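Both complexes below contain chain A, partnered by chain B and then by chain C.
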Partner chain A sequence: MQTATIQTAAPLLEVSDFSLHRGAAAVLDRVGLTLRPGETLGLIGESGAGKSTLAMAVIGLLREPEVGLSGSLRFHGEELTGLAEARYRKLRGNRIGLIFQDATAALNPCYTVGAQIAEPLRRHLGLSKWDARERAVELMTSVGIPEPRLRLNAYPHELSGGMQQRVMIAIALACNPELLLADEPTSALDVTIQAQIMELILERVRALNSSAIFVLHDLALGAQVCDRIAVMYAGQIVEEGPSAEVLARPLHPYTRGLKSCVVELGSEDLQPIPGQVPPLNAMPEGCRFAPRCPKAQDVCRRERPAPETRDGRQVACWFID
Partner chain B sequence: MLGSAAAKLGQTLLVLLIVSVASFAFLKLAPGDPVSIMLGSDFSQGAYDQLVHDLGLDRPMAVQYWHWLAAFVKGDWGTSYITSQDIFELAVMQALPVTLTLAALSLLVALVIGIPAGVLAALHRNSWVDVAATALAIGGNAFPSFYLGIILIWVFGVGLGWFPTLGFVAPWEDFWQGLWHLVLPAITLGAWYVGLIARITRSSLLEVLGQPYIQAARARGEPGWRVVWVHGMRNVLMPLVTVIGLQLGGMLRGAVMTEVVFALPGLGMMVTTAVLNREYIVVQAGIMLTGLLFVVVNLAVDQTYQFLDPRLRRRT
Partner chain C sequence: MERQTVFTLLDVERTYELGKAGWFGKSRGRLKALDGVRLELRRGDSLALVGESGSGKSTLVRIMLGLEPASDGRVLYGQHDLGQLDPAARKRFAREVAFIYQNARGSMNPRLRIADILAEPIRLHRLRPEAEMTGRVAELLARVGLPAEMAERFPNELSGGQIRRVAIARALAAEPQVIMADESVAGLDVSVQAQVLNLLRDLCREGGITLVFITHDLGVASYLCERIAVLYLGRIVEQGPTGAILGNPRHPYTRGLMQAFPKFGAPLTAPLKGEIPSPVNLPQGCRFAGRCPEARDACRETDPVLAEQAGRQVACHFPLEVAQ
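Showing the complex of A and B:
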């Protein structure tokens, strides 16, 4: 990846000061992110940090009146938060694709996989029934599904979990989206094929020259597959920057905690940092990480640190060393 | 798959056995002596014993049951003492089609009103639309069929004169006239089902719309109406068919009431008349036919369910 050109290109996705409220609780709190064309970003954080919520908000699936959005989400410079639904529909599945965590649950059990792959092709590209089928066969081949013509008429339950996820990838990439959102695309799969599916998604993203946001909870994996890393904690982005630098020299105590966990224990099941994420309705006033932070001072508990830019990285901490 | 099919067949046969034994026993236990009725008022003991022997009534019950069942299967159901009509002809050729037509039309009415009402209630959960649909559902269930039927007759038949109030014209002889006569009965019987269908549609759709595959459809840019009617309702069909099948007994009971209120010559009317006339042989035919109908429709529902759910469908 030529970092120089990426840095200067106009942003593909610009999230700034973006908050999402459910009732009084801020599930996402003043999130800021920039993704340039061709760039891949790893969104890392514990379960419940708001990673899926952010992905769903970007593709416009959290627009019910009871969900409060504020701040800005820009795609190619176009503001998405107030976008008309008809216009948003033309982006979904077409210019923005989404891969779900659990392909088994994300495929409609009553329709064949061929029908579900053909759907965005017919809707967004206006292909005829026949052309959509032919294109679906090509897509299935491209994601490594053997005997695609036969599988076209298979129902989801007739395929293995890995094959189902390949189908989801084919659907998400059917219209060559500029932005792919992959929400823990391998965590529901057998460990033996996780790497294989991850590799496939990366290969397809590169082949289509798309940008991608990978939601992951493994910092090391994120750093390995993505250009940039954003670490989320309790609805906030606490640190963001180039993968190699974030992994080699984490600036935020939470990132450091995540890293030491991976290095020392090598397992995501074990709790990396003592304590728990505070519940949404009882978020601390100041830094949301303060109650678990080994270095927390009075100021941390009193005031929320604003993200600070340092050497092309953003960190939200009062005590960056 | 084969195991469950065999179990289903065994279950069906068991139900048929119970129904047939029950109707046979019903005939045997019914008050009144068919032999003396057949002989009239004046007969000798010799003639009586002769007829008992000729009819096989002196043989063991099991043999009598077997003969009775064999005759039933052949369609030899006897003749009415009162009208001298062949009972098979009366029940199967005349009454059954009326009841089936009424039931089918009522189901159609219930689906056409109940499904949209349920969908609207689900999409506007906890709004006035939901409240109104729920009220409609409860109202439809709360009104006994005969009550609603009489009100409809008063208002739309007698009062406004829009629809005929009584009687039956076979739709297969005069389609429009037949339909015309069935409008009020079908609404009467269907109203009871509307509530059920609306409620099941609402709750199943709410559950389905929370599934990830619905979000996935939206994430592909599918418009709202397709998400609901194509991706959502396709998955609601299965619970809907199950519930319709389970409520079949209620439908048959409602049909009896509706036929009596509207004087439709269906199975319900046939059995009711026969009970009043103490013509137990006709009642027994009604029981058998209803039991058979029940079993056949249940099998059909089962097959439909298997066909609708790809996860149960056998690969051919």
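Showing the complex of A and C:
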């Protein structure tokens, strides 16, 4: 990928100072991110870190009255936080595609696979029934579904988990979206199928010159598929930068802690991070990671560190070494 | 001194009849979940059963637990045939061999407090008098790193990591010699997974417990177990010491699994194309031939047998060379 052009292009997605509250609890706390065209970004962290929440907020699925949004989410310069639902519907499935974790749950069991792939084509691109069907066959071929014409009439339950995930990818990419959101697209699959599906998503995203945000819990996988990585902890981004560097030389104690928990082939000793993610209604005042951090000092418990630029990445820690 | 043999599996086979198409229709065939599995487990061993979904890992463990009979072949527990244990021996077997279910939360009665869940096996096997029960429950909770107050909680009040620990504590409650665990760390966050893995490893090393661990994650298998058996479509394709297998995989399937495993500093590769085929009406020849990058004509004709070589057993006509 031509890094130079990516750096200078106008951002596709700009998240700045974005918070999401449920009642008094800040599920996302002043998150900032920039995604440029053609870039792939990984959101990494433990459950409860807010990775999926951020992805769902971007695609506008968290708009109930009890959810409080502040800050800004800009897609191509257009503010998304207060966007009318009718306008959002023109983006979803069209310019922003979405792949869910559990394809079995995300696909409608009552409609054939062909009808579900054709739906966005008919709705957003206005294709005729016949054209949409033909295009669906092409899409199924492009995501590696054997005998697509035959499978067009299959119901989701007739396909394996890997094949269902391929159908989801075909739906998400049907309208050539500029941004693809993939929420744990492979965590329900075997490693062999995971590798196939990830390769497929990357290949399609590159072919369409789209950007992608992956929500992942597997650090090594993140290093393999993402240009950039944002490590999240308890609703905040603690470290963000080029994936190779962030994971090879983590600067934030949490990133370092996560990495020492990862089981690799031939791992000798795993060092779990002590303690647990604090509950949302009892977040510590200062740095949210302070109670579990081996380097925490008084200042960490008092005040939240602001993200600082260091070696081409953003790190939110009082004691970066 | 030779360690005592706990389990011996001799050519174990498990087939399911698929029933008929309609009342008078033809049989729809047979599903062979396990075929010719030979395995020996000695006291203090830790064995990982590795493979994709549909490879027969869980069926194998269910047979070793006596939850279903083998269609053919023999399963020996010590010197005795598992299918022919008398009721007293059967009950002793249930105490000595504990199982940790994949779905830890689903394996617990949601209406019982943790204290009662842990006390159940102790009461059943009359291991402690009732007066010592509270103390024993606290001891078990402490063993898995949970505070004693947990005893008063209900399963749905616990987090994913905590509930797995309770499942381990319940397995320990019966004071077993063997623990079998089905994907006990799958779906956990890495930091919690690391905690649970370290706990299981300590139990094996310090408690002298024999462990059979089902996992699809080779990293977890290598961390926890001294031996690995790789299964593909109901058959063991490679088994032996973890170091030998991961250092030098000889079966192309093992190598494929290793290459697909996400690694830092290595590009993403999908070495194995396609998916595990249906175990109904298997083709002749090697089952893996359809996905094997090394397959030749001979592979499609005759089924390779598991043979001893390079310090492990491999079922392949053309095993990979040992690297220098």
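Assume the second predicted complex is superposed on the first by the 311 of 321 C-alpha atoms of A that agree within 3 Å, B and C clash if a C-alpha of one lies under 4 Å from a C-alpha of the other, contacts with A are read in each partner's own complex, and residues count from 1 in each chain.
Keep in mind that, in the parts below, a residue touches a chain if its C-beta (ideal position, glycine included) is under 8 Å from a C-beta of that chain, and two chains touch if they have at least 3 such contacts.
Predicted model only: the values in this text are computed from it and were never measured.
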Could you classify chain B and chain C on chain A, in the superposed arrangement, as clash or fit? fit
So, A:P120: does it touch chain B (first), chain C (second), both, or neither? first
First (chain B), second (chain C), both or neither touched by A:S16: neither
Return first, second, both or neither, reflecting whether A:A223 touches chain B, chain C, both chains, or no partner chain. second
Chain B versus chain C as contact partner of A:T309, first or second or both or neither: neither
Under the stated touch criterion, which partner chain does A:G257 make contact with: chain B (first), chain C (second), both, or neither? second
After lining up the shared chain so the two structures overlap, which partner does A:I273 touch, if you call chain B first and chain C second: first, second, both or neither? second
For the three-chain arrangement built by superposition, which of chain B and chain C touches the greater number of chain A residues? C
Check the superposed model and tell me the shortest C-alpha distance between chain B and chain C, rounded to whole Å. 5
Taking the two structures together, which residues of chain A meet both chain B and chain C? none
Contacting residues of chain A [partner chain B, same complex]: 56, 59, 61, 89-94, 97-98, 100, 102, 105-111, 119-120, 123-124, 155, 157, 168, 171
Which stretch or stretches of chain B touch chain A in the complex? 211-213, 215-223, 231, 234-235, 308-311
Tell me, which parts of chain A touch chain C in their complex? 46-47, 160-163, 187, 190-196, 198-199, 202, 217-221, 223-225, 244, 247-248, 257-258, 261-267, 270-273, 276
Chain A partner, complex, touching residues on chain C are 52-53, 159-161, 187, 189-195, 197-198, 216-220, 222-223, 246, 256-273, 275
